[in-house]
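Below is one structure, written out as structure tokens; the observations come after it.
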Amino acid sequence: MTVTAARQLADAAVCFVGIGLPSAACNLARRTHAPQLVLIYESGTVGARPQVLPLSIGDGELADTAACVVSLPEVFAHYLQRGRVDVGFLSAAQIDRHGNLNTTVIGSYARPAVRLPGSGGAPEIAAHAREVLVIMKQSPRSFVARLDFLTSCGYLGGAGERARAGFPGRGPRAVITDFGILRPHPETDELQLCAIYPGVAVDAVRAATGWPLRVAHDLQVLPSPQPADLDTLRALHAATAQAHAVAVRINLRTADAPASHPH
Amino acid sequence: MPLMTLSDAIAQHVRDGQSVALEGFTHLIPFAAGHEIIRQSRRRLHLIRMTPDLICDQMIGMGCAERLTFSWGGNPGVGSLHRLRDAIERDWPQPLTISERTHAEMGVAYQAGASGLPCGLMRHYADTGLDRVGGPRTLACPFSGDSLLAVAAINPDVTILHAQQADQQGNVLIRGIIGAAREAALAARCLLVTVEARVERLDAPLNAIVLPHWLISAVSIVPGGAHPSYAAGCYPRDNRFYGEWDAIARERERFQQWMQQYVLASRDHAELLRRLRVAA
Amino acid sequence: MPLMTLSDAIAQHVRDGQSVALEGFTHLIPFAAGHEIIRQSRRRLHLIRMTPDLICDQMIGMGCAERLTFSWGGNPGVGSLHRLRDAIERDWPQPLTISERTHAEMGVAYQAGASGLPCGLMRHYADTGLDRVGGPRTLACPFSGDSLLAVAAINPDVTILHAQQADQQGNVLIRGIIGAAREAALAARCLLVTVEARVERLDAPLNAIVLPHWLISAVSIVPGGAHPSYAAGCYPRDNRFYGEWDAIARERERFQQWMQQYVLASRDHAELLRRLRVAA
Amino acid sequence: MTVTAARQLADAAVCFVGIGLPSAACNLARRTHAPQLVLIYESGTVGARPQVLPLSIGDGELADTAACVVSLPEVFAHYLQRGRVDVGFLSAAQIDRHGNLNTTVIGSYARPAVRLPGSGGAPEIAAHAREVLVIMKQSPRSFVARLDFLTSCGYLGGAGERARAGFPGRGPRAVITDFGILRPHPETDELQLCAIYPGVAVDAVRAATGWPLRVAHDLQVLPSPQPADLDTLRALHAATAQAHAVAVRINLRTADAPASHPH
């Protein structure tokens, strides 16, 4: 899934990256076919080139390897809202047939069954990025007929409603799942199954979808991931696990240290 | 800018019922200050933080807060903030009123607050669920007619930041990922800062982020004051602790026990770091 | 980001009739680029600069501009910009339409432009003469009811900056007084930058002002490109030249003679600096 | 005049400084009785401590000696509009009896007899600084019954109009001239002569004023400037003249220089 997601990214694209699967896919792409990919994280790190995957969106690794570090108001206003971002990369707890996303609550807002983390930067990424990629595991609980909460706009009610609302970004171009890839129908904006991994049965994908899933008439079978890509991804995860396991030690005497400028 | 201990700074400047922003985006989260607020049993606070993180999870779980303004409430890279969820889902230890925004809205709100404006503007195309439950309102640009979202300014009673250095005058240097910390500082009525170290001169590059001493109500020297968050150039993020927090905070009893054993039983942050075996 | 000579950059990217912002607040004024625009005889430009300074005085006097957006049009510490005055007071060499704002309004206008917004907001209490002759409009804050001034965004067709360094990829480092140069850069449809030097790596501190290469249409290496303005860390402001300009620009004939002898007769900025005996 | 203006500044005040006479007065104050004065220039230099007087508002001397350098949008929004400035120090071509200022045109706006530099930062300084000091030479051409253009608001039409309009700053507290000091009447807001230098005749001040000037019933005679203050001012001007006369030399080979970081 991560390899397939990475393959959706063209080289030199400017990519606004969420943490987790999107970050893994972007960094895999940067280490394989897209070395000039520009990664922007909402922590204000522009052009980050992390050696290991960040655990948080604001890891020091991102700042240390970035072309520049700007403030959060700037990254959202000057980069995202100004229209400088080609691809926004998102994930969610729920998605509906028109690519609208929920990362806020399961159940009612006032008294949720599960309180999810919330919107973060997703609503504006979904609005402003020239196009959006979504990566999430497919199940009837996550691919739902009706969202419990509309956190980030996809194609709204479909059939051109998003375009008519004037959104500068075109919306979700692809939803990469553990079964394959869904893309919006050009007229109805409804997500349909366009590609599957080798060995995946269409009925299994339908069973994992909370609405009657349409299948593209030219359904593709995706190539198996290149061993080199898988090796790169495994190496990235291994380096990450190792880096994050290091025990932190703090020297309490730094207060008395001379005025050396940390650089 | 008076230099004082963190316990004096919290005692003098943070009152029950105030709005308190603790900023720092993943980086430079003022954990030591949050713990001191817990130790001093502040109540009915309105906490403001874009990413509540473990610090708000702890303060909410310990009953300091009756309200939270935030934009993303998870344990980054790990999962849920269980104490935050318990407060919202089950009113434990008390009900928590939430004011929820997006990151971009929080940025605009702090920026408006820092700029002496009552509101700021964003592009807006269609209402989301947040627009429906929240306060923002749309207005039309008088020039283009475009629909814009007006976001009400945030001006915390107190903003607390952690930073790398203060000089002898009390000017404070912040290096690295800044989030909306500077805007939160300038928006506040009272600004408290904890720093890793006090130095003779900051020796800051020309366009460094420096908060002038006359904007700051109190500076306290607290090495390691951002742990388990980090201070660029001083120590890295304790990703392992963030992972372990999930199990600590999942159940009420274990959470309370941990807070008692580590935060409440420690006189100050240095003692806490020693108990956690992060410092010698 | 293609690296090219300044003359190619102006030839390719600056067209007659465009709006062109040359920013840099006293510091890093892109004089070399302004001179190249004069050499290439661009016409009907809409010049945008908070402080027109000598560079706009020269461009206006040489007939490049039909419009000027600005907020303070003097020779700093010296007196008038005689060519600007001659254009406004006596239509010489041609009429000049002015859009006049305050510094703060220009800052808000560039910031709105850089942020993808059609307008920005300021506090407003009573109309000044500028409010009466200009375009800004008031609106009420939807939360507080306060009267606010809406300022229309500025999005120049081209913004030109001068900076200290570019690296091999074309990332640009700016150090020192910045004014609204960064906002003007981010607001533009096309961004041209001249730099003092090209370096292997910028070696910029963590929060330095860096313009990423993919925002820039062309970078040109022009040592001394800000003279008689200055580049912090490279050379100081030529205050003497600013003083001498008053006598040069006071009369039309002497001004034209000077421009011919120095700017037009020089192939490029290096030759101009040699003629001025500023460089060897 | 500069010495008298400097004396109006309390130590540790945060002062937003215009170039020219205001800058000279503020730096004199900082070198004499007010060493903790915080000087903010509109170029974004906060806490500047220049050794010589800047010729422009953005001289390198200001950046090199400042506590921090911020952008112009920030200095106007975060410092001035946010209400962090105690004293704004202004000058003008024309002032009227209610302390309103003109720095835009003499004559009509569309076809001026004299086009002046314009507003710069003055309108917002006049609006937001807790109080304003004005320093200018007094003559019937500059102290006028009616401004040719209202650039920056003083007390508007007087008699509390400014306060009713809701301005956060109180307006011009003192106008320091080459004759003495004018201050607003507490009820009418009309500028009246409150203090004169030794040897100045009130009739001479009246003759230099374009409206019927009122004189405070307790007109003060200002002390002669302290020789020490005058010496400091002269030394400051001498150092400034010397610094500004230095010929600039540019090395055209810097383009080939190694990547040394200018600090």
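Should a chain be cited, it is by its letter among A, B, C and D, assigned in written order, with residues numbered from 1 in that chain.
Keep in mind that, in the parts below, a contact is a pair of C-beta atoms (placed from the backbone, for glycine too) under 8 Å apart; a residue touches a chain by one contact, two chains touch by 3 or more.
Small disclaimer: the values here were computed from a predicted structure and weren't measured.
Listed by label, the chains touching chain A and chain C alike are B. Counted as hops between touching chains, the shortest connection from chain A to chain D is 2.
In this structure, the chain pairs B-D and A-B differ in their number of contacting C-beta pairs, and the larger number is found at A-B. Centroids of chain B and chain C (each the mean of its C-alpha atoms) stand 39 Å apart. In terms of their C-alpha centroids, the spacing between chain C and chain D amounts to 26 Å. Of all residues in chain D, those that touch two or more other chains are 63-64, 69, 77, 81, 128, 263. Shown for chain B are the residues that touch two or more other chains, namely 116-117, 122-123, 175-176, 178, 204-209, 232. Of all the residues in chain B, the ones that touch chain A in their complex are 25-27, 50-51, 70-74, 76-78, 80-81, 84-85, 88-89, 100-104, 106-108, 110-111, 122-123, 125-126, 128-130, 133, 147, 164-165, 175-180, 182-183, 196-204, 221, 223-224, 227-228, 230, 232-243, 270, 273, 278-280. Those residues of chain B that touch chain C in the shared complex are 116-123, 135, 137, 139, 141-144, 146, 148, 150, 152, 174-176, 178, 205-209, 232. Across the interface of their complex, chain A is touched by residues 114-117, 171, 186, 204-215 of chain C. Those residues of chain D whose C-beta lies close enough to touch chain B in the complex are 12, 14, 38, 46-47, 63-64, 67-69, 77-78, 81-84, 128, 263. Contact residues of chain A toward chain B in the complex are 19-20, 42-45, 54-60, 62-64, 69, 71-73, 76-77, 80-81, 102, 104, 109, 111-124, 127-128, 149-153, 156, 162, 165-168, 244-259, 261-263.
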